[in-house]
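Listed below are the structures to be examined.
One chain, chain A, links the two complexes that follow: it is found with chain B in the first and with chain C in the second.
On to the complex of A and B.
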């Protein structure tokens, strides 16, 4: 993909984000639930309620509110959270890394598990083993992430307590992190005990998020691999005496990857969306968990900020996938 | 020099990864001086005097651990000295006096003084600070300090002033520290005079507190207290069942019964200052007294408690629970379906010609809320009331209630941790209150004079009279008093708190 094409995509992304901002702003204002009604005291008078409304800028007209918010947005100010009483941008900066680490780890696991299943299925094609692999994959695909989460809670936290259930790491750990990317930072700083503790806390939520995506990766990749295995260049390699495993890994996989990556990119956005409920179940302190509280409290500035952050993430993911697909596919790379 | 193949490198890397994970998954140490609580709500803000968290009764368990209140409150809702050792009114109720505890220090070691009390009260009274209970704090002013005694003028007589000092937003904050670090600095590093000090905090995840060894009330029982914010009830059950937490609360009653039957776990389930009620709005068809009273008499509250809540609940007839000051056991609206049918018949309604209205309810906000309303609608149907259930979110309830736009009937819960009738019957039934749904002059005329009644005995009797009148007129349908289930390891003793606040200071090791 050329630089001009990338710039075009970025410009489109900016327009899309603006559209998201407008839609979210309007939807939140017409949706039921008034944040002020949730915080008025028992003896509040009409004047008290009006003062509270003015304090949060909700006494202005819808258009005025929007332009005030837009002005702030352009200046990098997403406003102040009504419930958390903190700068929204700062809150996103605190929570987003946790969600990115969770989603990123889930993506890696999904690719590894899905890739393994696809390769096993390809190797076992036209044998009874293929049905077993396909059946297992069908199971992964049929069960949604939150059901996996509840099953893991039951099995790995209650019956066989192998993994810690909630949080991002043990609350007794004392470590001054320079960043909010605790997993990466503990690894880089060779704090392996902390790293291991974080990984063990992430294991169940990561698996719950990863398994449904792994099944999709497996299905698409297996189809692409089987198609590639019938191509002439693979036949030629087979005639040279390469084993089936080497044929899959060294010959077919590269050509099967672009289609899989493109679909994985789309599906990854669903995975990121799934972090909302998964973070809640595992009391994981990412923006998904914060989003639910924001919605319950009708914290309009925070909801707007979170939706924008999700929107930006989705756009970035799709752009990254397009770049990766272009890098893997010479025909796209050279226009 | 030995060479390492790529495969060996990968194998070593994988081995190291697995070793790290295995090392990390083992609990750091089973510490007997640590109390871990799987808590049911998140802590949005450390300032206990502003915002939505300030009026959340559950969160007071955390605030009361870090801060002290002007007046303390025992688990049975009775009051005791807090940072004020004594308090009262002058004879003609034109002044209040407060004696401030001596020898108390803030968590940063600086001394606590009467100036902190005055500053906290003045700050709470300013509308611009956003204190939701400002209407109470603004009723005194012109503070004078003489030694450890503070006096203030009564600007408007508020009989519940000192009771509020033990409840929502009634906390003393550090004047000098707050002015030095500001609101943001205080959120980042809050200090109080309470039994525990903030040690570490991760929003939506946990709060770690350490014991305040210099606490004026004696050193707390646990060196460390960890609140894990586990808002999902299933996860809280798993936390206590797996042993990851020592204590949890607000689990489904079915799970409570199952958990307390297990070896190593114990539990308490006692009524708290929170009731389930059906708001009635003064709109058709509820303007018909027969319809309102029929709706009330038709409900078999005991059956709801027994069958839906496994016995965990107390049927009530007024908005005053038995622990409240104005509870009157002689006021009873009995389950009487025959009488209900007769009342409806007097207005021309019956099973063949039912009266119709909408009833709103939350679903999953309180235990079995939707199921209770389903059961009630079934009871109503038998006598000639066809109610359509509309499920709404809690935010919608608040919006509709503040706009006097609830459905003719709307289910909600109502807390009152100071036990005073103003906070239950008062704000729920007084027309000008933004929280009432029935707004008529007859009730307001009865309630109005009670707000400033200086004779306590007369005041409480007045509220009992209001409760009786409201019950006779059917202006509200109180359903039940909630029971709070708490599950804990059997190595602990827990004193249940009627206010519902699970305070670490009410937990101790079993001897």
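On to the complex of A and C.
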């Protein structure tokens, strides 16, 4: 993909984000629930309530409120969280890296697990083994992420406690992080004890998020691989004596990947949506977990900020997928 | 005369899907260094024979009798691994459609040198040298650039040249050409036919040339076997068959092929009486045999 095409995509992305902002803003204000009522005790006077309303700008008209918020947004100010009484952008900066690491790790695991299942299924095609692989994959596909999470909690935290149940790492860990990307930073700085501790905390939530996506990747990739394995060029390579595994990896995989990746981009949005409930279950300090509290507290600025962050993630992942697809296809690379 | 390169005798096969005979007692002998035409309408069984020789019959086709002896070895007596190793080393295929015969995501060099490295154990450098020489031999103008190219950067004729080079890469004893000119336009067809004939003569390779076009047979084949519904109708030298066809079906087919040198002749379809005669022969052959 050319630079111009990427820039065009980014411009479209800005429009999309603006649309997200409008929809979220309007919906939140039309929906019932009053952030001020959630903030103050039952004995507050009318005057106190009015004063708080004025302080957060909630006494203004809807359109005026939107433009105040939009102005701030353009200036890089997402407003102040009503429940946490803190800068929304700062809160996102603290929490978003945790969610990005969680979702990113889940995506990688989903591609690896799904890819392996697809390759095994392709090698076993038209043999009894294929039914086994398809059956296992059907199970992965049928069970939603939060059920996996509860099953893992039961098995790996209660019956055989191998993984820590909650959090991002042990609170006793004393490392001076320069970024909030703890997983990446501990790896880059070769702090393997810390890295291992974070990995063990992330294992259950990552697997719970990854397995349903892995099943989708496996199903789509296996179909594409089997189709590619029937092509003339695979047949000719087989006549040259290539083993079936080599045929899959060298001849078929690269032809089968683009369609799979394109679908993975779409499905990844469901995974990101899943982080909300999964982070809650494992008390993982990401923006998904924060989103639930923000909604309970009717914290309008924070909800808006979180939704925008999710929107930006969707756009980024789909752009990345398009770039990957283009890189894999020589016709697009040169064209 | 020494033992033939390929000796097929009494080969019969059925399609399990349609529960129908696809080959009926086929005898076929290919001598070393000869181009043997395998001619017939679609469904006559010519591709089935080619696939049986390459051990790539689909699961829906089952061989029910006969032998395929290649250089004195009965292919049915070999285990799967030895058979694949034998085919990889000594038998090659030129596919029908050059557009699908090359992997769109791999460079020509990788595709052309795969077999040399895997089967002949050449180093990367040796394989590259050999690939350059082969591309030169199939008259590709800029071999080095072609090696670095992806298939979509080459024309159909160029791709077919690459596939011919790949087929001859390991000096096979037998090349199966499966209608290699059908997908090409007429001007390119002639060049490709001449190229295959030239390669085959220089390398002393036997060729099974599958085609439905008697005009092509006249240009390239030494001997011909004509099939109808899986049964050999007539076999002989190409010259005999075209100049003095013995069977009514052969004569009808010859009359049906267009003559560019005599356009006023037009083409006559195969007459119904000839088809009826063939059907009767097939019925007599099948009589007393369980389907």
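In this section, the second predicted complex is superposed on the first by the 332 of 335 C-alpha atoms of A that agree within 3 Å, B and C clash if a C-alpha of one lies under 4 Å from a C-alpha of the other, contacts with A are read in each partner's own complex, and residues count from 1 in each chain.
In the analysis below, a contact is a pair of C-beta atoms (placed from the backbone, for glycine too) under 8 Å apart; a residue touches a chain by one contact, two chains touch by 3 or more.
Note that the structure is a prediction, hence the values are computed from the model and not measured.
Asks: Check chain A with both chain B and chain C modelled on it and let me know: fit or clash.
Replies: Taken together on chain A, chain C would fit alongside chain B, as the superposition shows.
Asks: With both structures superposed, pick whichever of chain B and chain C touches the larger number of chain A residues.
Replies: Counting contacted residues of chain A, the larger count belongs to B.
Asks: After lining up the shared chain so the two structures overlap, which partner does A:251 touch, if you call chain B first and chain C second: first, second, both or neither?
Replies: In the superposition, A:251 contacts chain C only.
Asks: In the overlay, answer first, second, both or neither for which of chain B and chain C A:172 touches.
Replies: first
Asks: Examine A:231 and indicate which partner it touches, taking first as chain B and second as chain C; both and neither are also allowed.
Replies: In the superposed model, A:231 contacts chain C only, not chain B.
Asks: At the CA centre of chain A, how far apart in angle are the CA centres of chain B and chain C, to the nearest 10 degrees?
Replies: Approximately 160 degrees at the chain A centre.
Asks: Between chain B and chain C, report the minimum C-alpha distance in the superposition, expressed in whole angstrom.
Replies: 18
Asks: State which residues of chain A lie in both footprints, the one left by chain B and the one left by chain C.
Replies: Chain A residues touching both partners: none found.
Asks: Spell out the part of chain A that touches chain C in their complex, as residue ranges.
Replies: 126, 231-242, 250-251, 254-255, 328-331, 334
Asks: Show which residues of chain A lie in contact with chain B when the two form their complex.
Replies: Listed in rising order, the residues of chain A that touch chain B are 32-45, 48-49, 51-52, 55, 82-86, 94-95, 150, 153-154, 157-158, 161-168, 170-174, 192-201, 203, 279-286, 289-290, 292-293, 296-298.
Asks: Would you mind writing out the residues of chain B in touch with chain A in their complex?
Replies: Of all residues in chain B, those touching chain A are 16-17, 19-25, 27-29, 31, 34, 36, 38, 42, 44-45, 47, 50-53, 55, 127-128, 130-136, 183-184, 187, 200, 202-206, 208, 224, 226, 228-232, 234-235, 238-239, 241-244, 392-396, 398-399, 401-403, 423, 426-427, 432-435.
Asks: Within their complex, state which residues of chain C touch chain A.
Replies: The touching residues are 54, 56, 59, 84-85, 87-89, 91-93, 95, 97, 100-106, 111, 114-115, 118-119, 150, 152-153, 163, 166.
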